[in-house]
Amino acid sequence: MLGSGIIKGLAVTAKNFVGSYYDPARMTTVEYPEQPTVLPENYRNFPFLVSENATDPMGTLRCVACQICEKECPPQCIIIEKSKDKKPDANGKMQLYPAVFGIDTSVCMSCQICVEVCPFDAIKMDKVFEIAATDRFLDLYLNREQLAKPNTYYHQIHPEEAAEVDGRLTADRKAAEEKAKATAAAKAAAPVAAPKPADSAVAPKPASPAVKPQDEPRRLVSPKPGEGGSPLGEGGPAKSS
Amino acid sequence: MTTALILIAILLLGSAAAAMLRRNLIHSALLLIASWAGVAAFYLWAGAEFVAFAQVLIYVGAISMVVLFAVLLTRQNPVAELPAEPASRMRALTGITVAVCTAAILSAAILSSKFTPAADTAPQTSVKQIGLELMHRHGTALLIVGVILTVALLGATILAATDAKEKPEDRP
Amino acid sequence: MEMSDPAVTPAPFPAAGNITDAEREELRRHGILLTSLEELYNWGRSNSIWPLQFGLACCAIEMIAAATARFDIARFGAEIFRPSPRQADLMIVSGTVTKKMAPQVVRLWNQMPEPKYCIAMGACAISGGPFKQGYNVLKGIDRFIPVDIYIPGCPPRPEALLHGLIQLQAQIKGEKLTGPDAARHTRPEEPSEFPVPEYGAHDLEPPHNPDVWSPPAALDKP
Amino acid sequence: MSTSQVSGFNTQVSAPGPFGGPAGPTVRAVHDQFHGDLLEVSMGPQHPSTHGVFRMVVTLDGEQIVKLKPVFGYLHRNHEKIAENTSYLGSMPYTDRLDYLCSMSTNWAYALAVEKLDGQPVPDRAQYLRIIMAELTRLLNHSCLVGFLFNDLGTSFTPLLYAFREREKILDLFESLSGSRMMCNYQRFGGCRVDPSPEWLEAARRLAENYPRFLDEYEAMLTGNEIMLARTQGIGRLNSTHAINAGLTGPVLRASGVDYDVRKIDGYGVYPRFDFRVPLGAHGDTYDRYMMRILEMRESVKILSQAFRDLPAGPIMDPKAKLRGFRPKAGEAYGRIESPKGELGFYLISDGSPNPYRYRVRPPSLINLTLLEEMCLGHTVADAVVILGSIDIVLGEVDR
Amino acid sequence: MTPLHLCLLISTGLFCIGLAGALARSNTILVLLGIELMLNAANLNFIAFWRFGPPSPPANGMIFVLFSIAVAAAEAAVGLALIIAVYRHQNNIRLQDATRLKG
Amino acid sequence: MSGRHPLLWTSRSQHPPLHFTFTHSTPTLLETAEQIRDRLVTRFPAAQIVLVPNPGPAAEHSLLLDATHAPDIARFLRDDPVLRLDYCSNVTGVDWPDKDITGITKTSVPDPAGGPPKIVEQKTVRRQPGCLEAVYHLYSMALKHGPVILRLCTANRIDAVTLPSLTPVWRACDFQEREIFDLYGIVFEHHPDLRRLLMWDEFKDHPMRKDYVEPDDYEWEPTAHGAVLERAKAHLTPATTAIKEGPKP
Amino acid sequence: MSPASDSYLERAPLELRDWLVQFLPEPLQWLAHHLITVVAVLAVFGTFFAFTTIAERKLLARLQNRLGPNRSGLPWIKGLKLWGLTQPFADAVKTLTKEDIVPATADKWLHFLAPVIVVAFSLMTFAVLPFGRNMIPVELNAALLYFFAAGAATELAIFMAGWSSRNKYSLLAAMRALAQLISYELPLILSVVPIVLVAGTLSTKAIVLTQGYWTSGFLPHWFVFTPWGLAGFLIFIVAALAESNRSPFDLPEAESELIAGHLTEYSGFKYALFFMAEYFGLTALSALGVTLFLGGWQAPCVFLEFIPSYLWFMLKLIGMIVFFIWVRGTLLRLRIDQLTRLAWKFLVPLALLNVGNAAFWVLSAHWAGPLQLVRWAVSFAVIVIPFVIMGRSLTAGFAPRTYRYAS
């Protein structure tokens, strides 16, 4: 009969109306700012750099500025500049470190490819998503200092993954140590060669002072349209074809 | 009492005259609706409540819709009427002359005639009374009107609904 | 009008000692009246942000998701997505703005009545995002219209949009009606409509609006 | 290149005055033919029912459509050009953004094409996982599509919100597995990225088990509704010959009664091991297209339950598969899958370098629109919106 | 001057405006509307006499007006239908052009 | 003709089919590409039909048709009862720019001294003119097989860029050919409605061509490197230097 | 008169008014009397409008398993949420202060007049509605006629809005509004005719009074509890939905088709006026439905009469509106031709039959005993049989289908 379908539909919505008062499967609204969002462990938003030590993040970055992630990043939102000097890493091996490491979160597509390709477990995905901002450059471009977060933080946000990574890293470290011991033994056996002090240096040195001057507040330089100096502001309909 | 009447008359005549003068057909139609509403106001003033509401219901609610529909369906140019040609200017002049003459003659006749003074209050007529009157004394007329309406509407439908394309506007 | 903020001492008066108590009282009342009006006005606007029903790409789906049962943007009174820009307060540029679409976006922005706000949602709307290398992709909607809030992410979670909305609400609540830091829409010299770019033979003409957008040359060391 | 020829084809209809004043030549021609007053309405690119930034230039006689020209390109993000300048792996996250409702199946299509290009085998467990993801995606896409369709039909968002309520449950699964709600970036050449935990599989199994209950309620709400029947039955009819010739695929094609499902034809992945049926329509109208989705969802649930039952143990990634520095052999390949919207294909030409020489997406959404005008002619604006909704397009894929 | 005189004068005015419109305008719809105005003028008279005129059977004036309104509605419907038919035929609604009965 | 096709320039065709395990199957073609080619050659003796082999593991070989006969051949393929290729799945445009081919001819020059003949390598650089190509993937819905791949090549990339449209044969080509016209600039003759599909009508370039240069709407990017940085350098005045390190959080 | 009419609560509003009026000089008392009534009606229904909007948003949200607006709070006081009940006032502040845009090409006067007219006329309809015992703003003999006459003008305003905006979507909406009005005015009026026939009056007050009886104290003699009344009520509801442009008949502002229809070019306060008028229209029609079919302000049982009549009226009114919201949350929209077909081929014949049915009811009023049963049976049959037959022909060709699967 005409209207039976309509009544059936009304019954369904009525059921949902009533259900929304007692049935949690129906009432799924999360009162967002008050009720914190529960993010799954695998959640990824933007990358961050893992540093071993919370007190000296810059000195203990795992990143060795190999620039693989910079090359592999599909939208090319990572910039790395290698340092001129070397620092010992957690294994005590002398490594380069990033003098500049920047991620433009206004471009990043959270694809996690940088994490996947990183051979050093130095870059991981963060879970922070409440980063709405009012300035595109000042707030959304993250530099080394903003990106560096300690390993403990990593453990906090991705416990299982971090444990697995740590296990792997300690295994590597052990292997490296044994290897070093072996070589040392070999070297000791060998008549020449005194052990280098760097090999036994376990404690990482504090950050190189060379980096410091760059860590100063940056400032946006806007071109002044009136002064005919910089052509940058105009951009202009430059036709290249 | 008379002041109200004069106000109503100004609304009624003014909007009717404006309607007839406007170039834009939609404006004309809307002004005419105002004029019909003025007529209804006159009825209300005269104490013919029922007729006033019927006037609004039928004129403002139905006829005006049909008129607007007709205007929209027959729109052609943004300018509703082409610039006046000599012939149509002639027509206009004739029309206005005839109307003015008629107005003069009728006004003269009205002003010269004498009527018995009216009762102070409006004749009390309830809706029920009207209904009974309609059904009894004017039953035949009612029937005839009904038949006319039906035939007219059927005719209108047939006229407007040519090539099998039925349009809802043809059934007021 | 300078007394909009009661915390600020009225400047045009020569000295505080010259005003009588009655006058001071009067001034205070004015200030309170104005601030409470301001507060009422901002309260109304911040609690009734009707977004334009306007989605561009992937982020639009997350925008819809923000309006659905789980996240329910309605809690903030912002679920009335108006399809007509005439009734909208907020334009959420959700997704990639292509050069072909950019003139329409600017036109829609122009059609919105003041006070109006713009949220650039997602990487594409902010800077062209992952697609910024594309020949048909506009590198950020802020090249043509002013943006109030940027929400990075690709796409941002619905919660991130809500977070952006809360920030916008806070921004509206802090707006002043008068004075030097008055809200944009109260200043007549600020444009409400922006020139619509035209389709050119190779690119949009102009490729950006220099009045709205002047990219920094670099982040410079002092 | 003769650019003058390009402009010669510029038959863009000029915008008429509010009352169909000076319109373009085509409109005039139609005017003479139909002898009525025509109104040209441009629906989109910002329109509530064009499912994104799609635009239809519609010529109306009263409310009836006498001409409809789709206009594309408002979301042309140069996906193909970018992919030709990116590594094979780098294009994977971009495929997420093609059909942004079904990133999992788009991922698969691309992975399939690359695997075909390189001769890369895939472990069994990964194949099963791919099927699970693809069918979950189908559930998600179809239920959302039906919601959007009802929205176009004029409900006040209710069915859409119910669909999104279920979608959130699937998205939660995707998120906990791949890390992202929509842009999963889950498939890799030679397998999948993450192995789901037993709890995840249990949750997914439970979801698939409960899905028919949701579908029943969903159908009870509006499938039998008289208004729904009157609005969709007999609207936008499409016969099978035209549909085949126009290259339509997916539920739109099957609604016209053509038995063509790439899952059955190609038997890609491990689909031949699954027992499922392909529903076919008889009328090719909007209602059939709607019902195809509903019935396919029920079949998807069946596939899912079989997949959860038979999911083998083992690696999820071919150990020889390369992540970095991947250079497939020179050659070309066309890989296609049955995405929820139809046949989604990737055509790749490799010259042996790390970037594809040519990267082409065969977008089902775009090609399914080929017959939009024919389907809409003679119907009203309200129907055009519904017909468009029933085709199921996603602009990311249409314009790429 | 009694109210009746005034009413009748108003009615005359309305009638003549309608007459002028019907005669002077070349748009068919306006001509029809002019005629409607004239009918309304007649109705005004009915009510005026019913209210202020010599005693008559109760409600007579009102009933006449009701009939008149009904007829006017019929007239409008037919007239506008005719206009639409004419428009379909000759693609405009100018009175001068509608001179032939045969197509 | 055969030597002209870009896929035949290099020695790709010498690869034998590879052995590998493939977990996904493809629908089998009722006839191999060679068989189809042979049948077409007998049916259309005037037509030039070249088998373009696919050296990759997919081994989907294609048929290169000449432009004049292409519509007839296409119609034949569609209606042929053995093939019934009623469904054109995919139409792709490909740009093959001009390329310098370095050929090495080895000639053994007999050593006048009577030793073993000396092998002299002679390098020849041949400028191979490029072309624009349209690739059609055909399937049969009736017989459920496929794909048969057709290729059509334009004479060059500059002025002779017309190809016959196959839209009259398969409606499915409609939008795809328009897209190729838009992005590659191939003009399809007898296409019912050849307009730009994705870019706006006023647009003049063909952006998917390999030599397309984007308009330089440069803006400062914090993470400029590679090509972007090169482009940025043109805009940076010597006075300004981009420095990527900012304030501490 | 039942004793309930003497209760203090019942008399309170009227006595308050009389008390206020008595302070004024004699000649002004008439004016003040009416002014107070008007102000009271405006205030009550203005507030009612505000809460209808929030109720609609919250109810729809609950239907859709959401929470709906719940945190608007109050200005000047931080941290107060008030369950979002102040949401309409925030909206009001916002819309009032919003820039008013008149398109350059628009017909300025009509564009301005349309919202004014629509609100004015939808408010005018409230004049003849009896909100409670002795609580009727204007007592008119031809009250029903007045109601429909005033209501007819609102669609005219929608037409004006659509036409004057010079927007194609608006114009299409204007055409739709006209077609809809022409189609649904008739069934609406025809659905009311049986009431007039049985009650023998056009006065709303008298119609409510005729429903003020009970069988054995708890079976009220509301018209909806008769076969013809039920049928009339259903037709009335459908036609009222159509008249107030509510889903499933919201064609003039069909969002998915015509952007916002006739409202597309309206912003700020003018838009708010339309919005207001829509809700006023809905409220007025619901109130009319309550008056005509649901016994107006009458209590459903004798022993519930202690609750004041105006509260009963409000309760019923809220019930009607909730029903309308429920329908809106569920149903989808008709197409314009289906809309007119439903009116002309289904509702109008059914309503005409119902008039005949009511006539039979009046003629058979004296039947008693077993004849009473026959009377009910006949009356039901006269409605149900044509309903089924015409319903079948209306949905002819439309049915759920079964599908085959590929082998």
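Just so it is clear, A, B, C, D, E, F and G label the chains in written order, and each chain counts residues from 1 on its own.
Just so we're on the same page, a residue touches a chain if its C-beta (ideal position, glycine included) is under 8 Å from a C-beta of that chain, and two chains touch if they have at least 3 such contacts.
Treat the numbers as computed from the prediction; the structure is a model and nothing was measured.
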The chains touching both chain A and chain F are C, D
What chain pair shows the greatest number of contacts?
B-E
Select the chain at the greatest separation from chain B, using centres from the mean of Cα atoms.
A
Quick one: point me to the chain whose Cα centre is farthest from that of chain E.
A
Mean of the CA atoms for each chain, then the mean for all of them together: which chain is nearest?
D
Provide the C-alpha centroid distance between chain B and chain E, rounded to the nearest whole angstrom.
5
If you average the CA atoms of chain D and of chain F, how far apart do the two points sit, in angstrom?
26
In whole angstrom, the CA-centroid distance of chain C from chain D equals 34
Approximate Å spacing (C-alpha centroids) for the pair chain A, chain D
34
Multi-partner residues in chain E (2 or more other chains touched) are 88, 91
Going by the contact rule already set, what residues in chain B reach two or more other chains?
50, 54, 62, 66, 69, 73, 76, 172
By residue number and range, which residues of chain A touch two or more other chains?
2-3, 6, 9, 12-13, 16, 26-29, 31, 74, 76, 104, 107, 109-110, 137, 141, 214, 216-218, 221, 230, 232, 235, 237, 239, 241
State the interface residues of chain G toward chain A in the complex, per the touch definition above.
59, 62-67, 326-327, 329-331, 387-388, 391-392, 394-395
Interfacial residue positions of chain A with respect to chain D in the complex
2-6, 8-9, 11-13, 15-16, 26, 28, 40-44, 68, 72-74, 109-113, 116-117, 125
So in the complex, which bits of chain F are touching chain A?
205, 212-226, 228, 235-237, 240, 243-249
Which residues of chain B touch chain E once you look at their complex with the stated criterion?
1-2, 5-6, 9, 12-13, 16-17, 19-20, 25, 28-29, 32, 35-36, 39, 42-43, 46-48, 50-51, 54-55, 58-59, 62-63, 66-67, 69-71, 73-74, 76, 80-82, 87-88, 91-96, 98-100, 102-103, 106-107, 110-111, 115-119, 122-123, 125, 129-130, 133-134, 137-138, 141-142, 145, 148-149, 152-153, 155-157, 159-160, 162, 170, 172
Applying the document's contact rule, which stretches of chain B touch chain G when the two form their complex?
26-27, 30, 33, 40, 49-50, 53-54, 56-57, 60-62, 64-66, 68-69, 72, 126-128, 168-169, 171-172
